[in-house]
Amino acid sequence: MYQIRTDLALETQEKMQEDKVELKGVRYFEEEIDKNLVISTVIIETENGAKTMGKPKGTYVTIEAGNMDEEDEDYHREVSKQLARIIGELIPIKKEELSVLIVGLGNRAVTPDSLGPRVVDNLYITRHILNEYGRFAFGKSGMNRISSIVPGVMAQTGMESMEIVAGVVKETKPDFVIAVDALAARNTKRLNRTIQVSDTGINPGSGVGNHRHGLNEKSLGVPVISIGIPTVVDAATIVNDTMSTLLTALSQNEEWKRIGNSIQELNDAEKYELIRELLSPGLNIMFVTPKDIDESVKRLSFTISEGINMALA
Amino acid sequence: MYQIRTDLALETQEKMQEDKVELKGVRYFEEEIDKNLVISTVIIETENGAKTMGKPKGTYVTIEAGNMDEEDEDYHREVSKQLARIIGELIPIKKEELSVLIVGLGNRAVTPDSLGPRVVDNLYITRHILNEYGRFAFGKSGMNRISSIVPGVMAQTGMESMEIVAGVVKETKPDFVIAVDALAARNTKRLNRTIQVSDTGINPGSGVGNHRHGLNEKSLGVPVISIGIPTVVDAATIVNDTMSTLLTALSQNEEWKRIGNSIQELNDAEKYELIRELLSPGLNIMFVTPKDIDESVKRLSFTISEGINMALA
Amino acid sequence: MYQIRTDLALETQEKMQEDKVELKGVRYFEEEIDKNLVISTVIIETENGAKTMGKPKGTYVTIEAGNMDEEDEDYHREVSKQLARIIGELIPIKKEELSVLIVGLGNRAVTPDSLGPRVVDNLYITRHILNEYGRFAFGKSGMNRISSIVPGVMAQTGMESMEIVAGVVKETKPDFVIAVDALAARNTKRLNRTIQVSDTGINPGSGVGNHRHGLNEKSLGVPVISIGIPTVVDAATIVNDTMSTLLTALSQNEEWKRIGNSIQELNDAEKYELIRELLSPGLNIMFVTPKDIDESVKRLSFTISEGINMALA
Amino acid sequence: MYQIRTDLALETQEKMQEDKVELKGVRYFEEEIDKNLVISTVIIETENGAKTMGKPKGTYVTIEAGNMDEEDEDYHREVSKQLARIIGELIPIKKEELSVLIVGLGNRAVTPDSLGPRVVDNLYITRHILNEYGRFAFGKSGMNRISSIVPGVMAQTGMESMEIVAGVVKETKPDFVIAVDALAARNTKRLNRTIQVSDTGINPGSGVGNHRHGLNEKSLGVPVISIGIPTVVDAATIVNDTMSTLLTALSQNEEWKRIGNSIQELNDAEKYELIRELLSPGLNIMFVTPKDIDESVKRLSFTISEGINMALA
């Protein structure tokens, strides 16, 4: 079956509902902060739920912030605050002085994949100061020890991001990791308007760069909170979606009824087969991204940095 | 009628042939340098031809270099040489010491749109040296006076690229302009493998950034040679194309004949109407680009710089 | 006489006082906003004063902000406000809707010279929106028409910055120009802590890049406000200064009296001759800059952008 | 005693000779490839020699390439070849398929410190391809497994470069490391014209960024070859040097004999004391760099990449 790719648990959950798949072991609820700021939570509670959803057990919180593609400072500050609150709730370890490594995944040179590296540029880094001068450097106790790394991409380093981060984690022993990455969504309307925060880390196949190895508690030995914003849709997804709409329309629209009648006879498997045959294989290596992506990523990376800074200050 | 966007005269010409439109006033011929290096020329000779093609009168030379997305230095050098030869043939003014302004159009910060600015980074600039020290600086006569500018994008400057270039042309009076820009193609197979050189300049609506005002002899007062490489396909185009293929397949494929029979009854206009209805309006502001675009643009911009340097040395 | 280079009128004025040169036609006064925020004004009123000072007639306002190299958001906001007030006072034309071109001078790729280009990155640009949608786009009248350009450096463009800006000014006809540039100071203590605003524009020989042609009302045809921050000291200056201190110390210090006695017999011209002989000629192409220049320029460019945005909003 | 800083063993050796310090346990020889291409080798053979030189035991090969600041492709290719030969001779392990990690030290955002990161941009990386497809990917055996990392700077990461590299080395187990860094020289004439290759790694206090912890066999557990080009001189060094010249001149020059006579009575310690008193403490955080540093670093990083690529191909 042709696989639709999305890194958003929310979209998978929606698709399941749409397709009327029964979701056992998955809880869902949402909170409306504001008309343009909705926070929804998907909790995958059982292995069965994980299998159906195609995502590991854990909590996936999604901030849907419809105005986030606009230049509204107050709105962005509110989003940062909500993000800080959500990170705070997902922090896996409670102690006075945390040591946290923040990882900016992705390729700084490819605009829609540069979210992670750019977030790291604006973080408030303290580990080296605390290591050298102790907590007195800040005139107060309870300071967290923040470090960060941008591992780069495999074509440039010859190494998996996971290998680099695993090495750094073993050497510097943070309590947990926060990994920031650009994601792929299924729906273009979600691009640059959605933040997903999860306690499951980054898992194989996710991210714009499509990581082959995950960054999670299993691979790194410490818990991993992931923060992501969808900035691209796979080109194949967009074509597939539009064609599904076409086939559905053909079978419903009065005007096209004469075609629709024959299509209605196709079952889902046949429809997918039809679409798959027609998809250009080259599309697999293409992505779709908005034309104003540079401005958007610049703005969003600042909003995420602020959220992380607030959560860990 | 839903407009398919392409900046390549070659693709427009192919589409016309495919649709069996009679092309009066347009000449076409091709030269095969090598299995993987084909140079084709479209000459639009009459106003009528220009109207049919939707492009101004003039010569459009296309280098189709199938291996250009690979890291083969000898191949790239050969492409640079062919490019230099073509530029040489299109130079509108014959005199010993030319003064040329090279314009790098596009947005340096958005990878697929950064071709123009990156080409300019590797040019051999001489105007300031000749102005200060005269031709003796180079120990030979016949040196061309090369200058360059990267005008930036409107969201950053508040000005049309055309306004900036027009001002610089009036002030520094080059004999002609070479404008380099990233283009939109219709077919993803052409991305990063095709160079179009034309003596008609950059015309409204072309380029990844979709210029509202052209850079051509009319707007600048001096002739303009344009050099472009397609690096994106409009998202709407890709969906439209795949759906056209779907509809055609439905009406031809044995297996889907029962559907096809009804589709065959649709005329072209009805087919377009069908597609248009289903296209998401948001797609207009999206583009499709290959995942390795960063490496490709880096390599291609060097190949074009070399071609320009050879042509003007 | 060996020329000490500084772009700060304040430093020239101080040097004159130190050397006990009588300054006719030059007025000076200062205002202490705060212990760490002093604003001083040098007004060169006559041609005679201009000749003595080696700078054109006009007003030079200097913000000395001792804490500007620290990460204190409130302090930087206060500096931006003062800058906005000073720009407001120097705006040469009073009318409801101003058209202003902001020029970011310097080389984006050389850190201490990248101030101008980076300031432009954070400006609030409105010209293209007002041109397309009119004042209704902003829901209020009295909006200024802001545009910007980064002309680049001569080695890259083959053109003087002045030529590019002059062309753009003729084409787009702003009411006046604001030019932002990194400056050279005489004293390392002033680096990254001082902002000079002037109504005389950028004059030949100033700026880190050492412009050969000025950007001023004479060359552009419209008034030019210049904003600069010193980010480098010429290497020759720093050596010269320390050696002057040495010679002075030799002639004053008790301990070194036996040497000093002979030095006291030298006059100023002889001292300069002594220093000049020893200065390595290679030093002329070197500059001195602080090691944390990247962080500083990033912070300062934001503070200046904010000041300009406030002044013109 | 006021310490003159240089990362070049060659300069330390010269200074010792100049000061007539007897160098036991240090061998020196040079080879003139060409008038403008001299290769000199300093071998520190004993702990005593190491103590006198202030540098660890090992081999320091210096390429003095006087024309390297010019744009001469053939010359640069020759320098790359010599560099490849020297790297080849210093490779500490002989076996058919080497695994090598190349580390680009320094701050990409500060021009004279960006050499390491920029060298890494042009390397031929193979590890991920060999890991995924095996040696058949290249159609030949004996391919080395090349990986690379740019650890970034402590203000940005909160970690020592050494910690990051140590982690990556433990995780990916290369046979040895090549570390590339921008260096500080004592003499401005050496800037951008000298390459030092050593089998001792990067040691504490070296590099433009002044590493607090070394990258060497002791800290990483595998041998480290270091490659460096001096791109800055410490500001204090340049002032100190010129003042030394002044004092020497005073005591030698006929014209200044009346001053010189008293200076001749000072011993070296007194001279240093004199200079030290006058040095501005702020100078310690300043460096001196040529004005065309951007072009130079761009060119040099390519020449070094090519040398490494040749050595490991």
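Letters A, B, C and D name the chains as they come in the text, with residue numbers starting at 1 for each one.
To be clear about the criterion, a residue touches a chain if its C-beta (ideal position, glycine included) is under 8 Å from a C-beta of that chain, and two chains touch if they have at least 3 such contacts.
In this text the structure is predicted, and so the values were computed from the model without any measurement.
A.B. asks: Keeping to the contact definition above, tell me which chains border both chain C and chain D.
C.D. replies: Of all the chains present, none is in contact with both chain C and chain D.
A.B. asks: Along touching chains only, what is the step distance from chain B to chain D?
C.D. replies: 2
A.B. asks: Could the interface between the copies chain A and chain B be described as same, meaning over half of its residue numbers are common to both, or is it different?
C.D. replies: same
A.B. asks: What whole-Å value do you get for the distance between chain A and chain D if each is reduced to the mean of its CA atoms?
C.D. replies: Chain A and chain D have C-alpha centres separated by 42 Å.
A.B. asks: Go ahead and note the Å separation of the Cα centroids belonging to chain A and chain B.
C.D. replies: 35
A.B. asks: Could you list the positions in chain C whose residues touch two or more of the other chains?
C.D. replies: Residues 155.
A.B. asks: Which chain C residues qualify as touching chain B in the complex?
C.D. replies: Answer in residue numbers: 120-121, 125-128, 145-152, 154-160, 163-164, 166-172.
A.B. asks: Flag every residue of chain D that touches chain C in the complex, lowest number first.
C.D. replies: 107, 109-111, 155, 188-189, 233, 235, 238-239, 242-243, 245-246, 249, 256, 258-259, 261-263, 265, 274-275, 277-280, 282-283, 285-295
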